[in-house]
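In the two complexes that follow, chain A is the common piece, with chain B as its partner first and chain C second.
Showing the complex of A and B:
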């Protein structure tokens, strides 16, 4: 009887959902508002209205500024939850002997880590002209640091990027992003609209603000991922 | 376009293999291959931003986090 009730309730839910699906606009219909209004607006006016040289960046950093900010908040919240459960690693607890891998592995990592970091810097700083951007660049930085940690051990990494530095990076990045966004409102536009040419900011200033946004996104994502990795490594050694 | 017709069936095979592999470490490594192929598909579909993110996150960070997590588990059944 219980099972029958469950089946009945589930099929009722399914019917409601299907009814909702039928009233949705058809997928890929050129008459949809997203296709008839939003896409032409972004493609035709996006570059001029936002002052970016790349439509994807124009959408991410100007039209959908709230989305990008909330993504950073999601990352931050995930880290906060992990920290609340596991606790941050500290310099005192790291005193275990670590067996270094062979000379070959170490030399390859020593040679390639600066190149990876240079590539990450390129991806971050060219975010508003080419594809890529803060988030991708930040993750590349994090991946590089993780490779370094896997080869040289957690102690060596924590000595170079201390938990305190990461703590500041994680929070200040999101705060700077929000401040730039609110600056747009203060200047009389929408959230994150500081990059638009119509507000009268100079070209150099707009570029600087865009760069600041990209760097802050990169720092936030990179620092959060490095911290998550450190948490797991700390748990691993017990 | 022809590359996609070759890659997508391959993607399906990898996805099924990820689910049915009993060894967790092997499953994670197959999953990273999935992300790598997916990145090529994104690039072929004209989404380089997404491809870059997929390579960095899917094939890079996620796999490392998964491996570190798998190292904490113990094996209770025969593979």
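Showing the complex of A and C:
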């Protein structure tokens, strides 16, 4: 009965979707409104106004800076709510019997973790000129730490990256966005206008501010994902 | 429907699969997986709306004229990060529900 109701609702929803999909314009057409209205402005002036060759980074950090800041707030809030439900992992519950995998697996992880971290650093700092950026690099950092945790156990990881360190990193992105935003007000503009050329900062300084934002986004998103992984991993041993 | 629009159809199909999983599966974990499938379909739809035939990645280089639309890519990047947050929150709620209602009761 329940399945029948679900299928009825689904076919209704599918009919509406089908009607919408069939009346959409052809995909990839240069004449589409998505390709002809807002975007030429970003593509033509993005490089001059923000100094980023990568337009995605330019939009993320400069044109839609508010959006990125509030997104970090959303991520932070999700972590805070998850922590309020389950609680942070603690070092006291150290008495688990964790079986280390074979020597081969451990050696491969020990050799590759520094390389992964170097790649993450490259992705974060070269987000202006190549495809990449803070979020992508942060996720690579988090994945590396998760691989390390799966091989060496949660306690070994928590000893190296303590909850106190992660607590600082998790809030770093919001704090640096606030700092950059207030810097814009202090220099006589609006909030978060710091990286636009209207304020007359030198190119080097604008680049440094964008790099600060990028690195702090990377660290914060990485730390948040690591913390979320830890608090779900903690459940496994009760 | 023209043949160029088949990605929209794939996105629609993925959305319906995710919706069915949410509606018809009793297990909480599978409902969360269904929500994730729906999110993925929306990402696919947004990215394919922003595509442009013959366009290259939106990294400004001399000599390249056509770029794909960078705006959906930004939006999808943000939506992915938020999807991670909501999924983790939903999973931790599911864990709490399992704990308080007796473990193993709603498994499967």
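By definition in this document, the second predicted complex is superposed on the first by the 192 of 238 C-alpha atoms of A that agree within 3 Å, B and C clash if a C-alpha of one lies under 4 Å from a C-alpha of the other, contacts with A are read in each partner's own complex, and residues count from 1 in each chain.
Just so it is clear, a residue touches a chain if its C-beta (ideal position, glycine included) is under 8 Å from a C-beta of that chain, and two chains touch if they have at least 3 such contacts.
Everything quoted here is computed from the prediction, not taken from an experiment.
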**OP:** Applying the touch criterion given at the start, work out whether A:56 contacts chain B, chain C, both or neither, answering first, second, both or neither.
**Re:** both
**OP:** Would you check which partner chain A:123 touches, where first means chain B only, second means chain C only, and both and neither mean what they say?
**Re:** first
Original post:
So, does A:78 touch the first partner chain B, the second partner chain C, both, or neither?
Top reply: second
**OP:** Pick one for A:6: touches chain B only (first), chain C only (second), both, or neither.
**Re:** second
**OP:** Determine, under the contact definition given at the top, whether A:140 touches first (chain B), second (chain C), both, or neither.
**Re:** first
**OP:** Based on the superposed arrangement, let me know which partner A:88 touches: chain B (first), chain C (second), both, or neither?
**Re:** neither
Original post:
In the superposed arrangement, does chain B or chain C reach more residues of chain A?
Top reply: C
**OP:** Have a look at where A:232 lands relative to chain B and chain C in the superposition and call it first, second, both or neither.
**Re:** both
**OP:** Mind sorting out which residues of chain A both chain B and chain C touch, each in its own complex?
**Re:** 56, 131, 133, 135, 225, 228, 232, 235
Subject >> Residue ranges of chain C in contact with chain A within the complex >> reply: 1-2, 4-5, 7-9, 12, 15-16, 19-20, 23-24, 48-53, 55, 57-61, 66-67, 69-74, 77-78, 80-82, 84-86, 88-89, 91-93, 95-96
Original post:
Tell me, which parts of chain A touch chain C in their complex?
Top reply: 2-3, 5-7, 9-10, 13-14, 17-18, 21-22, 24, 26-30, 34-35, 38-39, 42-43, 46-47, 53-56, 59-60, 64, 67-68, 71, 74-75, 77-79, 81-82, 85-86, 129-131, 133, 135, 221, 224-225, 228, 231-232, 235
Subject >> Footprint of chain A on chain B - complex, ascending >> reply: 48-49, 52-53, 56-57, 60-61, 64-65, 68-69, 71-72
Original post:
In their complex, what parts of chain A are in touch with chain B?
Top reply: 56, 123, 131-133, 135-136, 139-140, 142-143, 146, 150, 225, 228-229, 232-233, 235-236
